[in-house]
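In what comes next, chain A is part of two complexes: it sits with chain B in the first one and with chain C in the second one.
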Partner chain A sequence: MMKKIFLPMLLLLIIPSLSYALTADEIVERSNLAYYYAGDDGRADLNMRITDRRGRVRIREMTLLRKDIKDGGRQKFYVYFKKPSDVSRMVFMVWKQVKGDDDRWLYIPAIDLVKRIASSDKRSSFAGGVFTYEDVSGRRTSDDTHELLDDEQYNGKAVYVVKNSPKDTGEVEFSYYIARIDKKTFLPVKGEYYDKSGKLYRTISVDKTGLVDGIPTVLQATAENLSRGMKTTIEFKDVAYNVGIKERIFRERYLRRPPKEVKR
Partner chain B sequence: MRETRRLCTLKTHLLLAALLYWACAVFLYPVPAAAVEGFVEGAYGYRTQRDVTKKDSFNLLEARAQLKGVYEPPVFEALSPEADLKAELIADGYDDRLILKVREAALAFTPLDFIDVKLGRQILTWGTGDYIFINDLFPKDYVSFFIGRDDEYLKVPSDALRVSLFTEAVNLDMVLIPVMEPDISVIGKRLSFFDGLSGQVLGEDAARVFIEPREIAENMELAFRAYRTIGRMEAALYLFRGFYKEPRGILDGAKSEFFYPRLHVIGMSLRGPVLGGIGNFELGYYDSREDRGGGNPMIENPSIKYLAGYTQDLGSDASIGFQYEVEQMLHHGAYRDGLAPGASVRDEFRHLLTMRFTKLYSGQTVVTSLFVFFSPSDMDAYLRPGVSYKVTDSWKVTAGANIILGRDEFTDFGTFRRNDNLYMRVRYSF
Partner chain C sequence: MILHKIVEKSLNHPKSVVIIYALLTVIFLLQFSKISIDTDPENMLYNDEPARVAHREFKEEFALHDSIVVGVVDNTSPDGVFTADTLNRISDITKEIAVIDGVIAYDLISPTTTDDIEGSGGVLTIEPLMKGAVKGSSGALAIRDAALANPILKDMLVSGDGKAVAINVPIRQKQESYRISSEIEKIIKGHMGSEEYHITGLPVAEDTFGVEMFRQMALSAPLAGLIIFLLMLFFFRRVSLIISPMIVAMLSIIWVMGLLIGAGYKVHIMSSMIPIFLMPISVVDSIHILSEFFDEYRGGTGRKETFIKVFDKLMTPMLYTSITSTVGFASLALTPIPPVRVFGLFVALGIMLAWFFTLTFIPAFTMLMPERFLAGLVKKAGAGETKVGQDGLMRRAQEALGYLSLRRSRLVLIATLIIIAFSAYGISLMVVNDNPVYWFNKNHKIRVADRVLNQHFGGTYMAYLVLNGKTAGLVKKPETMRYIENLQRHLGTLEVVGKTTSIVDVVKKIGFELRDRKEGSAIIPRTSSAIAQYLFLYEMSGDPEDLYHLVDPDYKKAAIWVHLKRGDNMDMKSVMKSTEDYLLSNPPPPGMRAEWAGLTYINVVWQDKMVSGMRSALIGSFVMVLIIMVILFRSIFWGLISMVPLTVTIALIYGLVGWTGKSYDMPIAVLSSLTLGLSVDFAIHLVERTRQIYREKQNWTVTIEGIFDEPVRAIMRNAVVIALGFTPLLFAPLMPYKTVGVFMAAIMAVSALVTLVVLPSIMVVLKKRLKA
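Take a look at the complex of A and B:
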């Protein structure tokens, strides 16, 4: 993992002109790996703050476990809800697939129900906020075509500016989105989503990053829906990588008996 | 009557033991991490029709406080012990009484890496149906269901031992229920019903007596499930040895005495992605042990139940689901021959269709839903429209209706057709 990041960094420093050698596809691919596939597994506590148009705030607290089956490919997610209390101990589990729909389950402890959820709409809201399921678990890089528009300084960072246009426009609510990607870490810095009439209606900003176990990590991000006046901030706490999460955790057994990794 | 008779049963002893364990665990090893959560809720259900029940204008009026906690005692940590407790205090304005109910009091642990054990009062659920239960023979509360309580109350807890085995090839669940816990059936108190014995609709004057199986080792209930994932498809086999959860046997018609006939069930289910949605299929063979030939009109006939379902995500926080269930009476000829002349005859096949539509609005804080049961063979239907709004993370308001339609009075839903209600609940969670 470190090699993947250091090598381009070195190249960038020594031969600046070579940075253009990276194609838009390569940049997006690296960004996808840096953001969604850091380490072989990971855990984080998520504090989600949803603010609506009228300034009312809702809080969601959850613990996220992730296991990569293959870098850039299949992944498994386990989301354990802690707050608010009416959803506490609920578990949302995803098997992210390379082809076709992801597999999703929801465990409702009050009735001991393991429910399988139809999940063709990845653009629906995650836990009621502005972030979508795709924002949380990653959008397939092959679902868009990528175009490198520019590289620039953005908030004091050298970034690539990439335009991503969906191949299947019927599947998504945006016509394209502009991603600014940190040249050094390949973490996304800003995402701007334009609707079918070409109007900017949704943004995602990375507010805070840091090094966790030597891996550049997003520590806080905010998504805003400009047309609805809604804002959601996710803070990632207690992030850890390569903690030895076993694949078997992503099974029905551990929906009923949450693993120790969510309890620390 | 039933309540009093039960006061000193084995079931009560098991529960007391679990509670005692919980109390000991908490007091001997107090840890602040034993977080307590819960809610208080007020609920009111207005009857839209006059009837013969005790209180004609409403069938739901209660205030409920629920406390739940999970406690992980710092002993035998290698076994990951965990104690669950969920209890409720209900001020019931229908019967003017105060009730304390323990919904969960169980201890879970992992004695070996591939075994989980859960002992005590617990909610048990399996199978693939949505409001249709074929291989889930754990008790249900249909009174709560029809008067507009939260879905949580459709499931009645069982005092049970659950042992789960996990292997690469297959996972196994074994549930032992020492004392059979029946469904909470409609007995005329909050909901009236058509009584086939007297040929009339009964309410508060109904005097049905349900005789439960004796508490002997032979009457213990056993439920097995073996399941695994094949590709992305979930497959399961089920076995059950116990009793019908509804009193499907008549002991003495003149005295309105009913009993729970012995029942064995073998079944299977499949669930997985189909055509861009989730498909499920389930079947169960109901072997009515006390009327295997089907000739005894006083006891439920053996049957096979088939269920196929499909749910699709429509996008924009909307989803739709359909189910089709067929219940086939296996010895219809013998059943007909055994009937008294002039008695109403049940069909050999009962067809049931369901539809669930759900749509969320306003950042998923408003949930609208409609669930419809419709039986084209019985010509009856049950509609459950509802809407809930989470005003804040703590406050939630729910309103809905239970609408029951039936051409005849003797069908599964038709029997309750005078019990339409409109309900509203306000809940504060903490």
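Take a look at the complex of A and C:
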């Protein structure tokens, strides 16, 4: 008799926890790995299109190289600019750290100068568009607390809805953001950022994904700044993983003499 | 004649007249609820005015917003606001300001939000001046020094003397600046230290002005009404005599304002003065009618007959004085300034309404008055001479005027000529200038803030010189950069310019910091690719949109920000003139054109339009009035004579404006129409009476002496009523109202004097050749 009552009760307890098998922290962690740490290294050509509130368009083209030192940990990035032509050969290099500020360098070919750039602000614009450094290189999962709000169907995909609130509110311009994460691929689908007065002011949407070397990959994403009326779309072309990028190219002298991987 | 029929009809159906007016007045009163205020100086130009369209387009293109400036100064500390405590308070205040609804947080210029560039030890740092809490005085002073080393921030964010900070708060809607600035004040109250906060900026001034204007309209006009009422009570001693003229004034004001608001016009500073202008003008006609009525009326049932007799006598002069005043104001429609047009046309309409009310309402109302109210008056009037004796001062003044014009007529005329010469010279000295901040009294908090901020900083009044090129990337060329640099250097030599900023300053600053602040490295790079790469560096590290307040994304256009210390139009004009000369001898790079934008520039545009517009309005109305006078008197001679008082008055008033150094601004400009309308009234009455007396006496000497009795008294009374009626304006906290008050009194005094002394003197001198 006891068993007959006990079993359905047990089931009632188990079933919901089955669908929420992962905790918010786990979801965010897996998403971080899927999006920012695919393969051991990677390369891509980025076509960036910045449209401002008046519909004026700026184009940026660059090649991005990435080397993971440790999955979910340190990474190195090499961004080689091709367009607009007057900034071609400029290089931006980042050593992403686990603690403290990242290291950044910029090479200015017109005066043949490599400069270290100190900026603790990872929320500033990447290459003049709406995407921030963090959008491109990943935000430390430990900087936020994560809360799983829901799971739902979004644009035909089953997604997790996670609310991320910064631990240090003084460091960032948003008060929280809602991320929708694809349950299958763990790639982000949509990010919605709310400002300090609680208004939605910025969104990021993944427009196109595909499989590259069997790895689910974002092929196009759009960031929009609603208060400024600005939009930026990045198209990822010629994506490749595990191409054998050497760690030594992420050095000052390679800024002046770009490695072969950027020239594919 | 039809007008007399109208009077008769009103006399026969007094009740219906009063009821119809009461109903219509209620309808017009109901319109008042729709009132909306317009204090935007941009509206001095039509919305589709090319300069304004270009200005709007410029603001949109360079993402420039109207902004509120919060200046922070601390005179109690040797380092000014650069102490840790004060800076931390400023940081807290900024955070709270950023979330006020309507504030454009991302364009806020403040120590915690605005990036500074600093290069040292091979590292380039691009970060807000202030990050996190400031510790100790060394931390505070380091922030000051960093800002002073940044030519873009110096004199804008941090004062050149290193003592003060100014937060620039851009807002979405300038109509909201009063609300936002009140919220800022509230925030500041929660964080007070030893420092002072000053809130200013053009939108605040405008919006505050609108709020004060409401108060003024509710206060000044009724107060003027009260004073006019009391004065008339003093002259006529009977409430029952003056009550209906007061009602006529109220009716004209309510109808006109109701029509204006109902027609969808916004109440501008100019139209807010309509009631004050209408009040005395509309009282005057009805007073004439009534005093004549009570002179004639002998009680009993003869009211109707008396009125018909009175109107027989006064209909023509009344019609003509009303028409001339109307012409004076309607001529303002010849100016291309929309608020001035609306003002002129509606005052003109009000004058004609008041005239019509005098024809209809005054007889109707008097018919309805119980006999006992009139009885007292009749007795008083019957007492005759005592009424004159009552005001001894008036009597003596009358005698003195008579003496001057009768016995010293040649002297009077010579003195008049001297005065005209004196005035002509004064007019040549006249300075055309306006500045919305001067609309407030000297010790108004907005004026104080304006003074303090412009004493510390480069200037809160912005003009923008836009170099407009055709090919993309033109601005990135070293030649263009050097041209801009030189142009800025030239602008910097002008005394009224406190600071200039352009993309060149950004490029030079980046170059300087890239070379670790090596001496001589704050220069324009030699190649456009270096310039492009410096700027790209900024886009990669700071807020890229910062740049697009100075250039367009295609680098076809560059805007030089010119900070002016004062918002005076004459200052901006001198900058424009000097720039024009510079551009002529130093033409811009091929394919580039220089154009001005900014509110200070817009102000100059409408001011120029106003000056030329007022000239044609004045000339136009002068000619019109002269023609009307010639028709009225059926004599060119008398027509010309009657133009003398207004000519002398206008000359003298503007001469005085020139001599005293008072600026010729908007309120002063419209005064000429008022003078025209009111001075000619005096002349009409005088000339008309003179000719009436002559027709009886057929002797000029007797006639001219006769003028110095009742006609002169009536004119003097009117002049005093109108002049003193404007005195409440002297206590207004808004300068344009004050100006009008002062000049009104002066205009009345001068034109009455000229009418009463100069006209008779001319008659005396030309006695032999006069024809009635």
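We take it that the second predicted complex is superposed on the first by the 246 of 264 C-alpha atoms of A that agree within 3 Å, B and C clash if a C-alpha of one lies under 4 Å from a C-alpha of the other, contacts with A are read in each partner's own complex, and residues count from 1 in each chain.
Methods note: contacts are C-beta pairs under 8 Å (C-beta built on N, C-alpha and C of every residue); 3 or more make two chains touch, one makes a residue touch a chain.
For clarity, every value in this text was computed on a predicted model and none was experimentally measured.
Student: Should the superposition on chain A be reported as showing a clash between chain B and chain C, or a fit?
Tutor: Result for chain B and chain C: clash.
Student: Looking at A:208 after the superposition, I want to know if it touches chain B, chain C, both of them or none. Which is it: first, second, both, neither?
Tutor: Once the two structures are laid over each other on A, A:208 reaches no partner at all.
Student: Using the superposition on chain A described above, determine whether A:58 touches chain B (first), chain C (second), both, or neither.
Tutor: It touches chain B and chain C both.
Student: Could you look at A:195 and tell me whether it touches chain B, chain C, both or neither (first, second, both, neither)?
Tutor: In the superposition, A:195 contacts chain C only.
Student: Of the two partner chains, chain B (first) and chain C (second), which one does A:90 touch, if any: first, second, both, or neither?
Tutor: So A:90 only meets chain C here.
Student: Report for A:237: first if it touches chain B alone, second if chain C alone, otherwise both or neither.
Tutor: neither
Student: Determine, under the contact definition given at the top, whether A:227 touches first (chain B), second (chain C), both, or neither.
Tutor: A:227 sits against chain C, while chain B stays out of touch.
Student: Of the partners chain B and chain C, which touch A:167 in the superposed model: first, second, both, neither?
Tutor: So A:167 meets neither chain B nor chain C here.
Student: Mind working out whether A:246 is in touch with chain B, chain C, both or neither, as first, second, both or neither?
Tutor: The answer is neither, since A:246 touches no partner chain.
Student: Is A:110 touching anything from chain B or chain C once the two structures are fitted on A? First, second, both or neither.
Tutor: Both partners, chain B and chain C.
Student: Between 21-29, 93-101, 129-137 or 255-263, which run of chain B pushes into chain C after the superposition?
Tutor: The one stretch of chain B in steric conflict with chain C is 129-137.
Student: Take the contacts of chain A with chain B and those with chain C, and give the residues found in both.
Tutor: Looking at chain A, the two contact sets intersect at 52, 56, 58, 84, 86, 110-111, 113, 116-121, 124-125, 127-129.
Student: Give the list of chain A residues in touch with chain C in this complex.
Tutor: Going through chain A, the ones touching chain C are 52-54, 56, 58, 81, 84, 86-87, 90, 92, 106, 108-111, 113, 115-121, 124-129, 170, 195-197, 227-228.
Student: Report the residues of chain A in contact with chain B in the complex, numbered from low to high.
Tutor: For chain A paired with chain B, touching residues are 50, 52, 56, 58-59, 83-86, 88-89, 95, 100-101, 103, 110-114, 116-121, 123-125, 127-129, 230, 248, 251-253, 256-257, 260, 263.
Student: Within the complex, which stretch of chain C touches chain A?
Tutor: Result: residues 60-61, 63, 98-99, 101, 104-106, 119, 122-127, 131-132, 473, 476, 514, 525, 527-530, 532-534, 536-537, 539-545, 548, 552-554 of chain C touch chain A.
Student: Taking the complex as given, what residues does chain B use to touch chain A?
Tutor: Chain B reaches chain A through residues 37-39, 70, 72, 80, 82, 108, 110, 116, 122-126, 151-152, 154-155, 164, 166, 171, 227, 232, 234, 271-273, 276-278, 280, 311-317, 319, 363-365, 390, 392-394, 396, 427, 429-430.
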